[in-house]
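The letters A, B, C and D name the chains in turn, as written, and every chain counts its residues from 1.
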């Protein structure tokens, strides 16, 4: 195995847990580079993220698993760039921002492909040397279209699917196939302005702050676990269009921040919320 | 009349308006110290706030009114501290903050009295030398209690009523008597988490930013025109109680900021939104 | 002439000024779309920015000039995209961000060319269809290199020169030729950390907030009029390299914001400071 | 001993350290409620803050100390309110804010006394029932005045001395006696605008953001380890006086935040910087 790994543990909390875990790590002659723990008091739940150096073996995994109650999760993963497929429709600001960041190593991910239901963004994608897969939804049922999408996604062994302004609602079947692996950027400060045209809603309500929310997608629209949120001050001189224009900046920053956190294995999901070791 | 006045105009926009208004001001030998205008394009509505020096006479008012279409508002008011009555219940952070700011001239308002349905805050109020009026709601119908409140408020010729964590809902009758004169601080980033226990709602939803909203009160709970909003980053380590504790800071700052704007005549209300000359 | 113009006035303040200016505008049958004024009290200086519709003629300009004291500035300019030349060295984040924004109309400017003392950014520039001019400084004196730059710039009738991480210091001669037309992004919260390696300085000092500053360039390094500043919270877990990485986001946003303001004629320069009608 | 303690460790990092420390804790039958660690890579330094429940005995302390290299620090302190003396001069906003917060348990500290070189703030202090010690500096040498201050401070067994706008410079002798125990609020975004009249400096420079900095005091004026910083957007309409007025809000919030962190034992000092477990 590689000699840089990350250990991710979620289990019931109990006395002596850190001592036991670090004991197993030491026994296998591994070094802890960095360590974060958190205990969620309401449910007595323990979360740990540890960067290890040295060569882990399967027996570490076994030793660790033996420590925990039935309902636990232990992952020991090599440190490497995460593989991501980006889905988009026609809007370019989030996609362009991600392409730029990846190209120049500001965001340490590996974009496998861009999948879109329109062909509009092909030139942008290809100018960055990224594969563009155009899968039109026209003349297709939702199910047939998603079947095409899934077939395409299956060609890439991706860690995450990023919805960078993908404007179609995904079915529960689709979401379930990529459970806790789909990240969306919603153009409002959730849970305010759920649903369509949030900037128009914000304008009509006369709010003084607008925002964006990056979240995992589950089967309730705009109600998945929140990863990151960003805000922007506005005032009476902003039209709904101005809000949409300036909001794009917040959207792309918030999505990039969420993706950086997720792809650095800093985000745990628990009870429809996130625990994030920043 | 005093020689420092403020002119507040709202009317239909038309060509030449600023020239006509400034002409009327000049004709009366007044000087414009500072000037703000805004044209709301959707409804073609003109707003103006002007600081004047010199002694205005009634004929200026008449000349100005003659310039405008039927549906207009012109106010010519002497520059002076606004008179405010604060209503509170048991929470102290907003009230204490306002008392401190006023005492030391950080907020240029004149607190006439504090009215509360509990006696808990009397010591705080009186330590700042401010009159405390305890009007219990116990054993009273809502209407009877409000009648007592109104009788008390009527003793003070107040420009604004500030709800500094006053925890009872006001009836439409009450609100109408102080139309566009009641300012409330709501402990959430409206329109997210309308209603009760917003911090608990925010905690349960797992948001990463919480906030507070200062707004005028109208007859739809938490739906009046927004004056100011403030936000605070939170994370998974915050309990609902932590959010409530840290949120207090945002609440008191947001209320103070809103009150400063309103009492400096910087806030116009139009179509359930605010236009604010900052 | 075009029928959309912008009027920019700077002059000594005096009684009746707005009335006189709006009178001249009316006399020429022009309509005021939007208007901002500001009086700088310390020096009694009046600033005005007005959007006009209708066809202005030279006599408006003459009428206005006749109103003002000797030391004034009146500009009547057609509303059009500003022409900009971007200078860069090797860093890509600001340049890439500006290219993306312009390509997709988030930033309403016309990039004439990119001029660099290295050839590294050519592929990026040309993938957006923008002319790239490589002018190496190697084997040239500073004066000889700047002569080359000036010759190149002269081929483009540009309104502004944007230093998007151009890492060479410009001579007073160069700066004077583009007086108040050169915009720089400095990677610190000026005036903290003037000079080289500001992120290293920030790291060494242990600050909790870092920032970036967009400013006009004059002959004192990092001391020109500030247009916009942005900040970012950091903590003890950030290395100097992390600060530099995350700081890039603030740099590019701050530069884009400054450029939007300047190219929308919202920025006046007076006494080494800016007056900005936002 | 009490059954709620906090363990604070600073030592050289080495393999197995967390396992050894948690082993010692377990051996004494104590429970870890919460835990934070950080390794400073540049100097290979390990920091740990742990909340313990159970009754610690001296032998835990001995066992822990035996684990570490010579240059280490281990503190095992009962969880209790920190005792603080506040020093002030004439300005009230920070002092008033701290008094309000403590009175109503928003800030969990115990204010022993307020010491001032003027008598102006006595009424404020006493309205909150806090002892006020007036020690004029008039007709005294700096040394004689500080001798008086030290004599007064010595009467209170205080954990921290808070300079809430105390406007006199302290001598190295004074500072050394309360080494790493004096917290100051500086009214600028350090290291910008070191020294006197920072708001005037900020106004003259035309910055678009102002700030405040809470820091430990050492012998280089304004150069001690930074605990917290806060910022505020300003623009050309702000006079130096406006900046000072609005800046007060940032000052008091930043000081309160710093004090909350320090008094919750979340702040380690190392190499003139702070490591803060938030």
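Quick notes on this one:
Just so it is clear, a residue touches a chain if its C-beta (ideal position, glycine included) is under 8 Å from a C-beta of that chain, and two chains touch if they have at least 3 such contacts.
Everything numeric in this text was worked out from a predicted model, so none of it was measured.
The set of chains in contact with subunit A as well as subunit D comprises B, C. Across the assembly, the mean Cα position most removed from that of subunit A is the one of B. Across B-D and C-D, it is C-D that has more C-beta pairs touching. Between subunit B and subunit D the centroid-to-centroid distance comes to 36 Å (mean Cα coordinates, whole Å).
With centres defined as mean CA coordinates, subunit D is found 41 Å away from subunit C. Chain contacts: subunit B has no residue touching two or more partner chains. Looking at the complex, you find that subunit A touches subunit B at residues 38, 40-41, 189-193, 205-209, 211, 225-229, 231, 235-237, 239, 272-276, 278. Interface of subunit C with subunit B (complex): residues 15-16, 18-19, 22-23, 25-26, 31-35, 37, 39. Of all residues in subunit B, those touching subunit D in their complex are 92-93, 96-97, 100, 103-104, 106, 127-128, 245, 248-249, 253, 256.
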